[in-house]
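Structure below; questions to follow.
First chain written, first letter: the chains are A, B, C, D and E, and each begins at residue 1.
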């Protein structure tokens, strides 16, 4: 192989490697690595349909009720609410008024059915996204009210 | 293609033969891994709930330190006895020979750790699925550790206080691999999809597999000057 | 050949850069003092009290400037490193090593002032927030660079090895930042996120910008002073040093 | 000017320790660094004539 | 043909040599002379391309050595101060492995034959750590018999060798010169070889 050809091959290989890496990173984003959707986003129809995703926010006080092993509660970012249905044992740290992240999907009946419910490890903390969602919602309420 | 595979194979075989003659070194990394991972429960207490939660981190940090152990010796003996010079002057591509040496390091230090990890994971009460994820994440992640480490090993070659310096240089660069690797296992424990973490780990592996040997060769040429 | 190219090469030689640096230093020193004075005046006497954080927020005037500089200097260092490797120019390597200690100091100051702000505001000296963690790692990267360069005796090898390390580092900094951010989000979040930006009063913003400019001028002054020391140390045997530099 | 007294200024609304600590640390660092550099330069300049005498 | 123009080498603050020029045609050898620490090894390492000169160029058959590195390395055989031998491997393994990494495959029979020529019969399967300094040196030099190369650069090849080995090596070098080879070497003893040049640093 001539040096010039070799250089071409190397450059092409580098581009291919960068392409594969970029694809993998994009795939990571698509598979919903980090972000969860807020109830406002769901109400706006931004959440995916018929695909599992995560929802995050606060458990609205006084909305938790059980029907056998199935629990119903409302996740809120204070401006919009989403009712979550979950069959199974709720984690110990699950409390009303605390932060929660639930993974599941929206069924044909339009209800969010969770397959996993995660409470935050530390009660005093709140996920930053949930917090900023709450902050933003409050801001929006403030500007709307007067 | 044979211009790549023949010298690569030669280089790997040579280092494996040398490693086979130094059996203690081979066992040291593995033993270190087992000991470190087993010491931590003694430090934090035997609460199974807590142990399961910290297991991914412990196993990953153990693997990371175990592979770091032999890192400095990746090039140092060859540099000391002049073999590295001969490799740099070989008609074969130096980069390919270096890639072979990195691969040999992974086979000697990384693979045993990957194989041992599920056994140790059992001690932390991980589910079968999580053990798979752990093994898979280490399988993708340990090559990244060897590849990034090789750059550090080449930079600190023949330098005063090389061992400590090497850790200072490369441990910060290990953080993404550690986070995504342990994160994949943690995500699985939390019942979430591991795809995101695995994708990112694979991206790191692909990038470092291509650029790692190249940068290492560059650093080695500087060290040989 | 065209003139600018020749000029560029001329100034990239240590012998020509040395007196040039001497001419620039007083200007940047003056700029540093002037900007710092204005910045301090704004930060203590002009900027109003913050509604939420009271007087404690005044820390950000130095904190933000130090953080910006620590990141910016690393990028400049990587730039000089790339120059050093691609053109094999001696001055580039010297510039990179002249910048590192100042950058490390700013990274440290950013961490220190950050935790002094965090204690009263968050109630904790340290939280494992993405910003904090990656800033800490940036500090380690600086330390690694300095340690590597000081461990290698041959200056040419030290320059090149440091250059490789800083380039590897600069590729890794964004990766580290995002990885730490994702890691942080999956677990409990920090109680306060840095991303919520207080809508800032105009004077506060001005204070911050002028402070940042003062730190900028300071960094340039220090880099010039240090590069002069490095040039002297390395070229002590050369004739021009004996003739001109040590009047 | 919103400081009523010098004491007020130093107290910083109760955050005195933190605010002055931060500004103090920065000032200290930014004073020590030029001094260290001046010392370094002096050491070099002192070394050169000695070396020339030796040769 | 190896040609060197305006070569300058600096080690730390000391300039070892400046403005060095020479041309070494085929079938000729160059004796690099000089006191200890005058830069003989540095010059040899620069000629191989391992070290970078401060200034100057080196070309092999009209091409700068850095340009087509692998082509130059095909023609080059450099034996340095260090043995490049692994203590725990036998001479046979050492040579097979190092030849393998240079892209040459030699059967154990060929390698053993070459070792016999250098007077190492019966030592082929002994780990190198049991060999004496002179024997190690011979193992290294056996590569001259096994690996074809047109340019030999040898750093102190006669060190630690006994009279027989010196004679054998001298014979091998002159045979190499006869087949249009080129040799650069450093040595403290005078050599009885035809077609030589000498430079003193």
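The working rule: contacts are C-beta pairs under 8 Å (C-beta built on N, C-alpha and C of every residue); 3 or more make two chains touch, one makes a residue touch a chain.
None of the values given here were measured: they were computed from a predicted structure.
Fewest steps needed to get from chain B to chain E, stepping only to touching chains, is 1. The most centrally placed chain, judged by C-alpha centroids, is B. Placing every chain at the mean of its C-alpha atoms, the farthest one from chain D is found to be E. Annotation: C-D is the more contact-rich of the chain pairs C-D and A-B, by number of C-beta pairs in contact. The centroid of the Cα atoms in chain B and the matching centroid in chain D are 43 Å apart. Spacing of chain D relative to chain E, judged by their CA centroids, is 57 angstrom.
Centre-to-centre, using mean CA coordinates, chain A is 66 Å away from chain E.
Averaged C-alpha coordinates give centres for chain A and chain B that are 33 Å from one another. Among the residues of chain A, those in touch with two or more other chains are 33-34.
Residue positions 182, 186, 236 of chain C are each in touch with at least two other chains.
Contacts from chain E toward chain B in the complex involve residues 48-52, 70, 73-74, 76, 78, 80-86, 88-89, 93, 97-98, 100-103.
In the complex of the two chains, the chain B residues touching chain A come out as 3, 190-193, 195-197, 199-200, 202-203, 206-207, 209-211.
If you check the complex, the residues on chain C that touch chain B are 137, 140-141, 143-144, 147-148, 151-152, 156-157, 160-161, 164-165, 168-169, 172, 175-176, 179-180, 182-183, 186.
Touching chain C in their complex are the following residues of chain B: 151, 155-156, 159-162, 165, 168-169, 171-173, 175-176, 179-180, 183, 186-187, 190, 200, 204, 215, 218-219, 222-223, 225. Partner chain C is touched in their complex by these residues of chain D: 1-3, 9, 12-15, 18-19, 21-23, 25-26, 29-30, 33-34, 37, 40-41, 44-45, 47-49, 51-52.
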